[in-house]
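Order as written gives the chain letters A, B, C and D; numbering starts at 1 within each chain.
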Amino acid sequence: MSVPGSFTPQIDDDALRLVAKARILFADTDKMGIVYHASYFRYLELARVELIRSVGPPYSALETEGLALPLVEVGVHFSRPGLYDDHISLYCGLSRLSRVRVHFQYRVVVERGDRHGADERVELLQAETRHACVDRVTGKPQRLPQSLFDRMSAVRGA
Amino acid sequence: MSVPGSFTPQIDDDALRLVAKARILFADTDKMGIVYHASYFRYLELARVELIRSVGPPYSALETEGLALPLVEVGVHFSRPGLYDDHISLYCGLSRLSRVRVHFQYRVVVERGDRHGADERVELLQAETRHACVDRVTGKPQRLPQSLFDRMSAVRGA
Amino acid sequence: MSVPGSFTPQIDDDALRLVAKARILFADTDKMGIVYHASYFRYLELARVELIRSVGPPYSALETEGLALPLVEVGVHFSRPGLYDDHISLYCGLSRLSRVRVHFQYRVVVERGDRHGADERVELLQAETRHACVDRVTGKPQRLPQSLFDRMSAVRGA
Amino acid sequence: MSVPGSFTPQIDDDALRLVAKARILFADTDKMGIVYHASYFRYLELARVELIRSVGPPYSALETEGLALPLVEVGVHFSRPGLYDDHISLYCGLSRLSRVRVHFQYRVVVERGDRHGADERVELLQAETRHACVDRVTGKPQRLPQSLFDRMSAVRGA
């Protein structure tokens, strides 16, 4: 048996921004009546593309330069269940930036007033996704374009 | 910025069993031409339910006892991209078992001969999912039923 | 071999409203580089719940009355491929309303200016989904609550 | 309001073959406790790729010839709800074959003994998907390769 460390990422709340809100659909739920855990990963994608868009050209611009940012590692801690029709708030920021790596951190939250019949803020999860910059065709590691690196650095310092 | 530890689980290969095989569909891929990372989570679910089924009554029997095993924490390391039409092998085992927690570990692999045009074994990912035993209705922590605990202990020792 | 009729719904554009916009994610695409057809069904769900919300209590209010609106029949015609990062517009309206049935019709469109590098309006699909009102527990047909019927009738006449 | 025809495809049962079986996961269900309708579309994809594989080279061989078979139209009738842990049977056949079009028809069924606690065969849905043969890059209509057409014709006649 492995003696595992924690997969719960340490979140730096000062680095987070509200980047998008979204509505939980039937499509996201499972028969436990709550959000199926895998449904959150598309919301995390939405969060990081909106973070990138907020500082400059969209992620697709990276692709036109022949680059990609595939996911290498992910850690998630699920705190409380999300419910149907929750209006969730997606917070996202950088947790690390180097010439060849970009790490994003996240909180997904139901703010006070955004869950029917509830009157409190509910934390759903915290997560971190770690991406490498690679050549789209060969998959070989590449350096982030200087312009994206500079824009991302601004996010980090914000 | 957080100084994160690793989300890559330590896998005990002696504890793993081949529990299922599956075919990668268009539905699983994205425009990078590879498997979208979130698509793997349903295969991890398939792996753990087949592991449970292999030692006794299916997961649904737990539900009829009023219990559930929601996901609390997950860590995944993605090694190499999965491709369309790969015939993937799902390996799964227990990494921890207590009266109130069940942790599963996984490897997803394309065995030699299971990828068109390739002649080598390819590791796609290693993962660990950590689940708590709770009451289905209240969400409060509960002890695993003795029968399931015993059967699971047998898996662990196998 | 069957001699099939058309599954392309006839859309009454006067009955449609713009109910939501959404951003196409990697999660929605497949290795053809376009939106995977099944990805659209969650957007159709988003469209109809927002249409219902626009005229009164949300869909979840129906559930608290012990009712559900499961899908019985669906027809879709896909006109042109959706692309990554498209900002899609979801149009939705009623196509039929009776005491026990609700039919929704849809158009999904990329409006001029909402696709990077393109300068025209692009129709992605037209669809119709047909739902029955049933008891949530027994699945037996039920009449729509008068209040919802009245509100829906207003949509229809709008 | 449109006066719609039926989206329920006429199935020719003599043309259907059992092509695959699959296990319903939590991932497939929604908070109604049944299979979310959109979850079936990946099973329909699994069915048609296994039908193609059963008569010769897999679908990916079509891609290496620069072709694709995008979905143009779909009609589905949902008869009865699918449940968690159902072991579903996927039946698939051709409903039309021409030089530029391939139509598939489907039944998804829970055979007697494949649903926990039930003792009858349950029909979940019948469906038809209509695909055009196109050039992968330009999207322009193309003729099916003669070899695939011949193999498909054999399916049809079977």
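Here, a residue touches a chain if its C-beta (ideal position, glycine included) is under 8 Å from a C-beta of that chain, and two chains touch if they have at least 3 such contacts.
What you are looking at is a predicted structure, and each value in this text was computed from that prediction instead of being measured.
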Contact-pair count is greater, between C-D and A-C, for C-D
Considering only mean CA positions as chain centres, point out the chain farthest from chain D. A
Which integer distance in Å separates the CA centroid of chain A from that of chain C? 28
Chain B to chain C, mean C-alpha position gap in Å, rounds to 34
Centre distance in Å when chain C and chain D are each reduced to the mean of their C-alpha atoms: 22
Multi-partner residues in chain B (2 or more other chains touched) are 26-27, 32, 34, 38, 41-42, 45, 84
Across the complex, what residues on chain A touch chain D? 26-27, 29-34, 36, 38, 84
For the complex, which residues does chain A have touching chain C? 23, 25-27, 41-42, 45-46, 49-50, 58-60, 84-85, 116
Would you mind writing out the residues of chain D in touch with chain C in their complex? 1-12, 15, 32, 34, 37-38, 41-42, 45, 68, 70-78, 81, 94-96, 103, 105, 128, 130, 136, 139, 156
